[in-house]
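Each of the next two complexes has chain A plus one other chain: chain B in the first, chain C in the second.
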Partner chain A sequence: MDIRNKISAIYSLEQLSAGNTVIHRLHPMSKLIATFVFIVTVVSFGRYEFGRLVPFIFFPTILMALSETPYIMLLKRVLIAIPFCLFIGISNLLLEQETAFVIGNTNISFGALSFGVILFRTYLCIMAVLLLAAVTPFNELALQLRRLKIPAVFVLMLEMTYRYIGVLFAEAASMRLAYILRSSGAKGVDIRHAGSFIGCLLLRSFARAERVFSAMKCRGYMIKTTGARRFKLRITDIFYCVLICFFCLLFRFIDAGGKLTVLEKIL
Partner chain B sequence: MHMADALLSVAVGGTMYAASAAAIGYSIAKIKKDEFYEKKIPIMAVAGAFIFAAQMIDIAIPGTGSSGHIGGGILLAALLGAFPALLTISAVLIIQCLFFADGGLLALGSNIFNLGVIPCLFVYPLLFRPILKKEITPKAIWIASIAAVVVGLQLGAFGVVLQTQASGITALPFATFALFMQPIHLLIGIGEGIITASVLCFVYKMQPEILDRNTMLHESCSRDRDSGQEQAQGDESGARKKAPLGNLIITLAIITIAVGGGVSIFTSTNPTGLEWAIERTAGAGAEELESNEPLTERLAIIQETTAFMPDYDYRFAGEDGSLTGTSVAGIAGSILTFLLAGGIAWGISAVKKKRRSRAAAS
Partner chain C sequence: MMLDISQLTVIYPDKTKAVDNFSLQVKEGESFGLVGANGAGKTSLMLAVMGILPISEGCIKVDNIIVEKKRLSDIRSRAGLIFQNPDDQLFMATIYDDIAFGPRNYGLSEQETRKRAEEALCELGITHLMERSALKLSEGEKRLAAIAAVLSMKPSLLLFDEPTAFLDLKARRNLIRLLNNMPYTKIIASHDLLFLKEVSKQALLMKNGALFAQGAAKDLFHDKKLMEDCGLEVI
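Presenting the complex of A and B:
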């Protein structure tokens, strides 16, 4: 396990948020609202409505292209989240064997349909959240939480947690390396040593927190004065937010696929 | 054990959001009573980051190829106190959701409830602390940790089962799902309990003041003995307060019921996917259904539409094959849509690349 790889894996997504594309320049609040509306809309569909979900693929795909986010990086993270959904999906596949419809000679069961819906929905929701993180710096997201009246204590702690992860990762990795080097090729930390190992990491972490707090106080830190760059709401921000909401509502209440088939019948 | 967006309905997700938000708000209010609470923020933040770092360490579990890691609700509560621990866990879950795709934005409330509120605000004060009431010995720490972690995880896993079932996403019968989830989390719980216990024992041996100062185990012991009553506290000020846990539970319950009720009324007056499914499976169109059916059957359908967990019978309403044509068209349409979306994305990237290379050349 390479520390640098691990740490860069954590922060790689956020590093992208320093980009300067159309999407990056949007107001963080507008992106936050759009993402939330999108997820709620996607989740609100029924368990067999695969067709209705299809148009929603446009949002993450186009957003990804516009924000120049590498697809592979997002896909890797989507795969992490899949297993639990896969389990629920497969159980549907096995339990609901009644045929929903037939294509050619293949029966498509309700289970297969709901399996597809669960996986597709997982993909859409996760892509939306990851893209939000990839195009919005974390401190700006945190500032928006402050504007949403979430108490400063919590937001500040959230930001600090995120910043500390890298520091403690390095600490944990060097401790682990030392352990491995002295234990003649052990694969991991033995469970008998887990307590002292993790406990030691904990004590070091707490000592570090004390030092950091003293340093912050020495530099005149006060909880009220922490702030980040203020964004001005521009017309494009409002336009983006309204556009996404309109898009979501449109495909929520109008069955585009259904309209197509009606058209087909007329022709 | 993270809940995903795809497994939740909006009503359940919203309800859990409300419950978790109430619990967090209550915890913040509690913490702020401490005049030195600012000093606690870095410690809470480091504890959150510690959870991430500790998860990276692979602890070899003998006899299995797998490795365990700590999820941390009980550990954090024992180190920081119940209320700060809830905030820390929430921060961890938010970061996991945003950057690691673990859990989801809508599922956040549900995850905070299952992994934070349950272990920190219920299991910790009601199970962990009473076990360590008399005196703190390594043995007592072991028993308390394993019991609390196992119970916490069992309740959390049960929460996942309940929330998934209430959302109506899975076809798994309730009992099967629970029978699958609970034993797995029993094993995970024992593993995590052992690690939690050994960490707490080590910390107690090395720097007992960390445990004492933060959870005031000793003080709470004497207080509990005095009042003979369960006390929920997270503040260091040591002000005597009578059972605020009761208030918390009542507040939580009221908010949950209010929001849950509100959301379900809203969703049932705005018929969603179920109605569509009924229309689709009922045959050619909904018009026939409306005009020909006697009132009772229509009522039954309305009931089915608005039911909390409707029967799945509506699927069999019509199998006259009328779906076939539309479905083939639907699938072709879906594939076309995917291709179109991919094509647009490809086009945008191509244009961007060209523009960049032109800028570099000039």
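Presenting the complex of A and C:
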């Protein structure tokens, strides 16, 4: 039952994507382009431009509220990626110790600033991708990737990998259970048997994946089709995409924080 | 003729002959029970009809269309295979998406897809499962959802591979009732002879990939010598 819950957790984002909010109803291409523009803009900022990244927090926040996506679920997934950023950013803390600015009595070094930017940027990008997955079914995304002329074989691999995770988990769970039931009191797979266990798991999950693929083909799946809904592009879709792109470019080229400071001085 | 199999041979890459010189004609609306010991070639035969396994020799026609690579799309819109394990067949986020998968692949509009999905769910009495995930269904519900996923394609020929596997008695009884009410041409492979006797008047016995005997289910399933020669037991 535990593993069923884990598989369910893996696909819980996709289950959210079956929702019917205003964001869910948008054309997948519009959401895909908006997310892409958002990520490129966020990544394009300099390593010390923390302040200029702040306005971008509104995109995931507003999207989450409109799509009724639970914040905790997304945050848990973002936290999985954070350790990787910590490893990347930690060296900045050690190498760049000159003071960038002072808050109260605390000196903030350039290293700390760039470390913060890496963390914040990661948070924004992963959140944007997770939100895209939470509001758009995977096969619809795959269809849009094909329309964007991404080679069909790459999209197919992406789809198969995604489906394969569940298959792999299910096979591993049943094998592990069978193993534990025949090994007195063991809590996991003994290192002596790990090699044959993993080999067997690979073969079993490969056979299972073949059956799943056969079932897909039996219902008309070809490499060029995805079983995705066909959407009509509406004015709302174009408006959403243009709006997101506009704000991304606006905050990219105009320092909103700086302008406000100038405005305050004038007033 | 809804299904015309003539001298079909299917050989796996490791040279194993899965189906050996098998011939069969099935008229529209007929229902056949397919019986054979494990490894007799029942599943391979069905996969060959669907164009999943390549044909080594012979010919298969579904609704007068030859099963060949360029006509696979037509074949799969006319014939539907319900797999032994419904978990292999339900791979989308919700049951509705699973049922809509086939019609969408055939380019039907979302309106027509929904109509077909609702019809299929209604026919099987599982409309309430529409927005559920397959991960949270019982085996009986999964079996019905897998059948609905195939029915939404509006096939003329239905192939069932061990449909009673994983089912409890109540779900099995429900399945018998459903199959008897389905007007489609059916081939049902199973080890459950009592079940087959209830859902098909005619039976086929397979042995080592070949058609060993064909006749009325009530006669074949009680012929001790024939059944034992085929590696099976009488009812």
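In the analysis below, the second predicted complex is superposed on the first by the 229 of 267 C-alpha atoms of A that agree within 3 Å, B and C clash if a C-alpha of one lies under 4 Å from a C-alpha of the other, contacts with A are read in each partner's own complex, and residues count from 1 in each chain.
The rule is simple: contacts are C-beta pairs under 8 Å (C-beta built on N, C-alpha and C of every residue); 3 or more make two chains touch, one makes a residue touch a chain.
What you see is a predicted model, and the numbers here were worked out from it, not measured in a lab.
Enquirer: Contact-wise, after the overlay, does A:Ile80 reach chain B, chain C, both or neither (first, second, both, neither)?
Expert: A:Ile80: touches chain B, not chain C.
Enquirer: Determine, under the contact definition given at the top, whether A:Ile198 touches first (chain B), second (chain C), both, or neither.
Expert: Touch partner of A:Ile198: chain B, not chain C.
Enquirer: By residue count, is chain A touched more by chain B or by chain C?
Expert: On the superposition, B touches more of the residues of chain A.
Enquirer: By the touch definition at the top of the document, which applies to A:Arg234: first (chain B), second (chain C), both, or neither?
Expert: In the superposed model, A:Arg234 contacts neither chain B nor chain C.
Enquirer: Now for A:Glu14: first (chain B), second (chain C), both, or neither, which partner does it touch?
Expert: Both: A:Glu14 reaches chain B and chain C.
Enquirer: Which holds for A:Ala186: it touches chain B only (first), chain C only (second), both, or neither?
Expert: The answer is first: A:Ala186 touches chain B but not chain C.
Enquirer: Could you say whether A:Asn139 touches chain B, chain C, both of them, or neither, answering first, second, both or neither?
Expert: Once the two structures are laid over each other on A, A:Asn139 reaches chain C alone.
Enquirer: Report for A:Arg25: first if it touches chain B alone, second if chain C alone, otherwise both or neither.
Expert: A:Arg25 sits against neither chain B nor chain C.
Enquirer: After lining up the shared chain so the two structures overlap, which partner does A:Arg147 touch, if you call chain B first and chain C second: first, second, both or neither?
Expert: After superposing on A, A:Arg147 lies clear of both chain B and chain C.
Enquirer: On chain A, what residues does chain B touch that chain C touches as well?
Expert: 14, 138, 163, 208, 212, 216
Enquirer: What part of chain B is in contact with chain A in the complex they form?
Expert: Answer in residue numbers: 2, 4-10, 13, 24-25, 28, 31-32, 37-39, 41-50, 52-54, 56-62, 67-68, 70, 79, 87-88, 90-92, 94-95, 97-106, 164, 168-172, 177, 194-195, 197-203, 206-207, 210, 267, 272-274, 276-277, 312, 315-316, 319, 321, 323-331, 333-334, 337-338, 341-342, 344-349, 352.
Enquirer: Taking the complex as given, what residues does chain A use to touch chain C?
Expert: So the residues of chain A in touch with chain C come to 4, 7-8, 11, 14-15, 17-18, 137-139, 163, 166, 170, 208, 211-212, 214-222, 225-230.
Enquirer: Using the touch definition from the top, list the residues of chain A that touch chain B in their complex.
Expert: Within the complex, chain A touches chain B at residues 1, 6, 10, 13-14, 35-36, 39-40, 42-52, 54-55, 57-58, 61-62, 64-66, 68, 77-78, 80-81, 84-85, 88, 91-92, 95-96, 98-103, 108, 110-111, 114, 118-119, 121-122, 125-126, 128-130, 132-133, 138, 141, 151, 153-154, 156-158, 160-165, 167-169, 171-173, 176, 186-191, 194-203, 205-206, 208-210, 212-213, 216, 223, 255, 257-258, 260-261, 264.
Enquirer: In their shared complex, at which residues does chain C touch chain A?
Expert: Touching chain A from chain C are residues 47, 50, 52, 72-73, 76-77, 80-81, 83, 85, 87-89, 91-94, 96-97, 100-102, 104-107, 109-110, 113, 131, 133, 135-136, 149-150, 153.
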